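Each of the next two complexes has subunit A plus one other chain: subunit B in the first, subunit C in the second.
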Partner chain A sequence: MTEAELRIFIGIVQHYFEQQTGRLAEMGTPFLGDPNALPIFDFTGVIGISGNRRGCVYFTAPSEMLRQILVHGGESDVSRENLADLAGEISNTISGNARRAFGHEFMISVPIVVTGREQSISLPESVKAYVMPFRWREQDAALVVSVV
Partner chain B sequence: MKKLLIVDDSNIIRSKIARCLGKYGLEIAGMASNGQEALAQFKATRCDLVTMDLTMPHMDGIECIRALREIDAHVRILVVSALADKATAILALKEGAQGFLCKPFTESDLTEAIGELISDDDND
Partner chain C sequence: MFHLELGKYRNIVLSIALFIFFDLAVLVLNFVISSQISNDALMINLAGRQRMLSQRITKTALQVEYRIRDGKPFGNELTEFKKASTVFDQTLTAFSQGGRTTSGTGDEVNLAAIEDPTAQGILREARDIWTPLITAAKSLTDNADIMQASQLARLMEAANLQLLKLMNDLTTRVEQIASDKATMLRTVQVTGITLATINFIIILFHFIGHLRRSDRELEHAHKETADILRTTQEGLFLLDPELKIGSQHSTALNSILGVATLAGADFIDILRARVDQKTLKTAREYLDLLLKHDVKEKLVTSVNPLNRVEMLLDQGPGKPETRFLQFAFNRVKEKGKITHLLVTVSDITRRVLLEQELKATEDRARGQLGMLMEIIQIDPFALHQFLRAAADGLQNINGLLRDQSEPVTGRSGLLRDQSEPVTGRSSLVNALFRQAHRIKGDAAALGMSSLADAFHQLEDLLSELREQPSLSGEDFLPVTVQVKGLFEQIETIENAVIRISQVRGVATVEAPRPQHDPNTAKLPFVQRWRDFANQIATRHGNTVEISYKGIDVATLPEGLSSAVNTIINQFIRNAIVHGIESSDARKALGKPEAGRLSIYISQNDDGSVELSFRDDGRGISVQRIRDTAIAKGRLTAEEATAWDNRRIVGLIFEPGISSHAAVDADAGRGAGLDAVAELVVRFGGNVRIGTTPNEYCHFRVHLAPRAIVEGPAAT
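For the complex of A and B:
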């Protein structure tokens, strides 16, 4: 991934939060993640990438952030099922929007949602994983992009 | 009152579309989480309008649009998808959708897009 490509993902995250919540996500400095210690919060939506690029994109966030996004959007059902659904939907939206820049051969899978901080996400060590941390309403979350 | 079928693998997106377009005056006649369910529900309800996600398990949105077109040449289909590239929008329109709305969307984006679909239908 190039710096310009990482900026594409940062822009998509900012657009998502601004449009859906009226409040910008404060983006931190992206860094190269340790493949054995990648960030994980309560709910993680993972999208597999195939086609002209290969790898995965995942969005991980705490329950409270997801709950507040649902409530802001007028959703009264803030069950764990819906928090998981939102994590998957955000990862799907971010990856799908990336096709505007990467083209239609940037193929995305349906999301797989991992629940719980005790889980871990294992990515191939041969593929660099870029972590894009951000804060929204005092809560930390991250987007991780590991694509060649 | 026009009848709407909502097709999306996300429960919260189905719920958001139903809330928004229910207020807009459409009858929510069915909801489906993939293309196969959508076809079964469409045959049972014969809706006037469909909102269609593209990336779904079992049967994706493009395949479902093709199948819906074989059942009913007149149903109006609005694609609501995160796939933001032009080629996908063109393909969806070529296969028989009349509109394309990119996720994430606001309530006003959705009502505007569905309004255009209904208005085009009334003018036909």
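For the complex of A and C:
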């Protein structure tokens, strides 16, 4: 995954936060993570990538961040189902925009939402993943890109 | 010679000309016949006057007679008589022969002779009657007596009725002729107008139909052109000599150039905002060359500065996009004169990027080849040490990046507090730089220039960050990407080292081929190996064949002979238990049903012995040894991961490490190859191993002469 391609994913996340909440999500210093030591928060939307390249991209966020986004948008129902739906919506936005940007290069799946830290996420083995940390209203989230 | 090129308008011009001809013909005939009718009207008038004059002549002749008889003056009557006679005579002559006469208004008129035979007959008859009368009339003077007057009056009375009838007939005939001509005129007019009307109708229907067809064809052609312009993926347009874009262009042109309105736009203005000044100047000169100079189009195509041009296009607010475009120019000529340039614009961005990617791949491949060449020349131990250190250094770099994202206060999360001063990231850059610089120095010292270059690029990225007054997390993205590339490069080198060691192993394991003596294969010790192999194979449900080439082992010193025999026996056992697959499995792999064990033994001039043992079984499974070592507590999981394959394979010579699942007579206790190792150590030799999964396992043992002379060593 090239720097330009990573910037596309980063731009999608930042644009989502700016559009939905009016506040930019601050990006932290990106680093590499081993498959068994990647950040996973309460809700994770996973997008599979196949074709010429394979792997996955996921956006993971804690419940509190998702709750605040819902409240900010005027939503009073902050049940776990709704939080999961929001995580799915964010991943869907990433998936849709990525499909437009990379559609001719590789296939991008419909996202699935993984709840909790116990459920495992299938990642390419022996490949270090890019971890892009984000902070929004004192809450941390991360975009993880692991593609071979 | 004048040549009117009517082209497709020939028929319509001919039809209109015919229409005009009919109209003119009618007009001319109308004019001619009308003038004849006008002349006929005069003749009718004059013929009627002749009728009246015949009566007046008779009347005045009688009045002259009465005046003379009564002795009254008769001058006026005589004058009247002579005048009437003269006019009658002139008119009669003019009718029959043509000539001048006096009209009713007293004007002189010129008459053409009446050509009608009937009228001429009437005139001849009238002339015959009139001639004696005019002669008599001319003789009557002012001095005439009653005799003369009476004689004339009687003549006049006698001819009066006949002359009146003839003049009446003449008038009727002249009227008939005029009537005939009027009828003819109407016929001509009706015919002419009818023909002109028919012609007009033909023009109307034929040419309207033709025009409709032409319109339909034109509309169809226009639709086709519009479809092409709307559908084509290329930008198509015409440039006029003033370099203005034509009114029609392909729809794709707007998106290719990123301009909403193009019709009539100045092409140079469009280029100005998108290319550098030098390209713009060259492009203008090139277009001028194409438009205004008589140079061959194909000759100048190669100097087209817009053949592959990088353009910065505005794709919306804050979305500049670099594209590679290809402009092709073709002259449009009309009657040999250049009127326009047809411009074809293609977006070749994808092609160019692929070319760049291909070139980068080729460069990488060249780099990897260079790297391999570098690796081959480096001392393996030093290389191993360096790779470990480089990997650790990269882990440190990544750790620094990760730590920067972790909270200062230990609160769970991935980001430092945003209130942290920028100096934190500046310090990070310095720390990263130190690490990168150290590894780069080590790589350069070993002669690994390609790896040193890669770390140098990381330094360049960090130097750029040092120059920035403030740093955000996103600024470190290129650094992280470069670090990932370095991790991969180190891993590639490690894998290459393993493969090289395997290749080296195979190359060096291959024992020197001894002179082949077919009889050695029948020696007793070879037969014993065969028997031993068959026993084990039978127990394990497979079959093997042993081939031997080399010296007679019995000729070796006793200790050495015994050691060689033990080693071969252990290798045979190891190969059959761990290496040779079942017959079915071998068939499935396309191998001969019986496993092949190839043994070579030779003795060097210095007395040392080279022993080669090769089987064509499944080879050594590094992962299986690794798993066994962990399972038996020989290695921790971390150590097993950290050890390279070569080191892992070395474990097969350690006691207690057996990858055989069950303990049986032949294997499972982890003893066997450790005995080989012990013998080799005792004889001061060494063992090298070469293997390829599912193909072979090859041991080469060197037993040194020093140990033979000195006897078995302690270690």
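Throughout what follows, the second predicted complex is superposed on the first by the 134 of 148 C-alpha atoms of A that agree within 3 Å, B and C clash if a C-alpha of one lies under 4 Å from a C-alpha of the other, contacts with A are read in each partner's own complex, and residues count from 1 in each chain.
The definition used in the following text is that contacts are C-beta pairs under 8 Å (C-beta built on N, C-alpha and C of every residue); 3 or more make two chains touch, one makes a residue touch a chain.
This one's a predicted model, so the numbers in the text were calculated from it and none came from an experiment.
Undergrad: Based on the shared subunit A superposition, would you classify subunit B and subunit C as clashing or fitting together?
TA: Result for subunit B and subunit C: fit.
Undergrad: Is A:Lys128 in contact with subunit B, with subunit C, with both, or with neither (first, second, both, neither)?
TA: A:Lys128 contacts subunit C only, not subunit B.
Undergrad: Check the contacts made with subunit A and report whether subunit B or subunit C touches more of its residues.
TA: B
Undergrad: What angle, in steps of 10 degrees, lies at subunit A between subunit B and subunit C when each chain is taken as its C-alpha centre?
TA: Seen from the centre of subunit A, the opening angle is 60 degrees.
Undergrad: In the superposed arrangement, which partner chain does A:Asn36 touch: subunit B (first), subunit C (second), both, or neither?
TA: neither
Undergrad: Does subunit B (first) or subunit C (second) touch A:Ala142, or do both, or does neither?
TA: So A:Ala142 only meets subunit C here.
Undergrad: What is the contact status of A:Leu6 with respect to subunit B (first) and subunit C (second): first, second, both, or neither?
TA: second
Undergrad: On the A-aligned overlay, A:Glu26 touches which partner chain: subunit B = first, subunit C = second, or both, or neither?
TA: A:Glu26 sits against subunit C, while subunit B stays out of touch.
Undergrad: Per the contact definition in the header, classify A:Ser95: touching subunit B only (first), subunit C only (second), both, or neither.
TA: A:Ser95 sits against subunit B, while subunit C stays out of touch.
Undergrad: Minimum CA distance, subunit B versus subunit C, superposed model, integer angstrom?
TA: Nearest C-alpha pair, subunit B versus subunit C: 12 Å apart.
Undergrad: If you lay the two complexes on top of each other, which residues of subunit A touch subunit B in one and subunit C in the other?
TA: In the superposed arrangement, which is not itself an observed complex, subunit A uses no residue for both subunit B and subunit C.
Undergrad: Applying the document's contact rule, which stretches of subunit B touch subunit A when the two form their complex?
TA: 9-13, 15-16, 19, 55-57, 81-85, 87-88, 102-104, 106
Undergrad: Give the list of subunit C residues in touch with subunit A in this complex.
TA: It is residues 398, 401-402, 404-405, 412-416, 418, 425, 428, 472-474, 476-478, 480-481, 483-484, 487 of subunit C that touch subunit A.
Undergrad: List the residues on subunit A that touch subunit C in their complex, please.
TA: 2-3, 6-7, 10, 26-33, 39, 128, 130-135, 140, 142
Undergrad: For a test of understanding, state which residues of subunit A touch subunit B in their complex under the given definition.
TA: Residue positions touching the partner: 15-16, 19-20, 70, 73-75, 77, 81-82, 85-86, 88-89, 92-100, 102-104, 106, 108-110.
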